[in-house]
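See the structures that follow.
Here chain A shows up in two complexes: once beside chain B, once beside chain C.
Let's turn to the complex of A and B:
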């Protein structure tokens, strides 16, 4: 049996976040509030893709952000208590009326 | 996607009425995780119920194993669209734990050793509808499937069945958990396709 789960690097965020950011978010730096480690989004450890992408600090595994995609929408939650932002996905042809 | 085999269709028909809308049956048991797999030795494991007043009642592994055991065989449904029929678990009904505390809260939050949380109505984890499971298909539950013990709430999407569970917190208000606060539905009924917040 595989030793689950394996994580991806933060470049896995480029596709989904590229739908809602006009600049490449993977080169942005994040200073971890838990362990103080600075890291670019591309260096984060990303688990998923289902049911969503969970990006964690490579130093202490604290949750940096979560991305949930659904037809027509993308949810982005930064950190743990910031609330989730729901973006429309302009290039997704299946629209959710909600 | 390629075409489906006749056997696949046959099996679907055999389980007619048991497959919620938008789901497909699978024989495998996919592993989904939102972080590193915690490895919790049973001699350091405990399960704690916390009331809205902060009162706690805890069980060690041996105490939990000495409680009345049940062996539910249930269908499970993942929000990522796979369903798995007749999964066999062994564990303790959550009724046994919640009967031991005095609480009027109508909501609970299940909390895991890795920090994962999920919220459920209290009535959905009582009345013989939810278990703390420590064995699957006759074997001790492996860490990648949530061992040493996980929540099993088969009538809701499986993200509600928290892996690596360490406790239940009774809360007066509904408090969205890890996925519920990031776009997924607060309740998660597979028969009503309650996948996302607005479903």
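Let's turn to the complex of A and C:
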């Protein structure tokens, strides 16, 4: 609610990234390839100002992703070459046979 | 889930000098969980759009097509002062949500609950308090609520009335009420005494970034495992 804070966190990315992900992105889990700190997307530190948001590892500040929202377009860059999010897919579980 | 819906302002309640709760009718609202937020989009006559996030202050329930938001007017802000005081009753904005599945608590979760709010960070935690009060749960629930002065307390009467079911501890940072045993000051280690056992509980912290960082460190020092702490910085 402070419109220009030092940084926010990944909770604030739920809306922008929700435009391109069908699963809630804030619970996606990530292991930082630089410092090995695990974090959900919600726990990343997010720097503005909008419309460009940069999400960084809360441990070492390595860039996890950048998202820029424009009228008609959303740009998403994952990492600076490494680091992948693991999404839970609750409707796609493998059933036990029998 | 993430399309924009029309939302009509139906009620505005003054909480503090600059804090308001807004009730909006949102047709076909799908419901939400305590702790979630919405994005609100305003469109100017010339097409310029601004989007801001606001926390949902009440659990989904009786008023299924209606949501309650907390808005703290920020001095010089582009959106929040307008929503807080100028958007007329009956006017429409656009809302997208519910958003966020991580900073969420529901009464189905077992174990003690610790909530730590800084200023208007109370808003999403109030949705959790209300859900807790509406449930049959008798697990311990503690709210530590940091405010500058007694006049800055949101939901003051409701929290007073809830004092027999949850423990509410107000922590005044600038001006303490007359006769207060605790001098005004920032939340510190002594304020975390007598808390629910850290090994079993869940803890939710919401407030300005500096407050959340400070409280997070205090909780880790107190023995809370990082995996039991969920945080949301102002948004």
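One rule holds for everything that comes next: the second predicted complex is superposed on the first by the 73 of 98 C-alpha atoms of A that agree within 3 Å, B and C clash if a C-alpha of one lies under 4 Å from a C-alpha of the other, contacts with A are read in each partner's own complex, and residues count from 1 in each chain.
FYI, a residue touches a chain if its C-beta (ideal position, glycine included) is under 8 Å from a C-beta of that chain, and two chains touch if they have at least 3 such contacts.
From a predicted model like this one, the values you see are computed outputs, not experimental measurements.
When the two structures are aligned on the shared chain, A:8 is found in touch with chain C, with no touch to chain B. Of the two partner chains placed around the shared chain by superposition, neither chain B nor chain C is touched by A:78. Shared-chain residue A:34: touches no atom of chain B or chain C. In the superposition on chain A, A:68 makes contact with chain B only, while chain C stays out of contact range.
Looking at the shared chain after the overlay, A:56 reaches chain B, while chain C stays out of its contact range.
Residue contacts after overlaying the shared chain place A:48 against chain B, while chain C stays out of touching range.
Judged by the document's definition of touching, chain A residues 1-3, 5, 7, 50 lie at the interface with chain B and also at the interface with chain C. Residue ranges on chain A touching chain B, taken from their complex, read 1-5, 7, 47-48, 50-52, 54, 56, 61, 63, 66, 68, 70, 73, 75, 77, 83-84, 86, 96, 98.
Against chain A, the residues of chain C that register as touching in their complex are 1-2, 37, 39, 49, 51-54, 70-72, 74, 77-80, 96-97, 99-103, 120, 208-210, 230-235.
Contacts from chain B toward chain A in the complex involve residues 31-37, 78-80, 115, 142, 144, 159, 178-179, 181-184, 195-199. In the complex of the two chains, the chain A residues touching chain C come out as 1-3, 5-12, 14-15, 18-19, 22, 24, 26-27, 40-43, 50, 69, 71.
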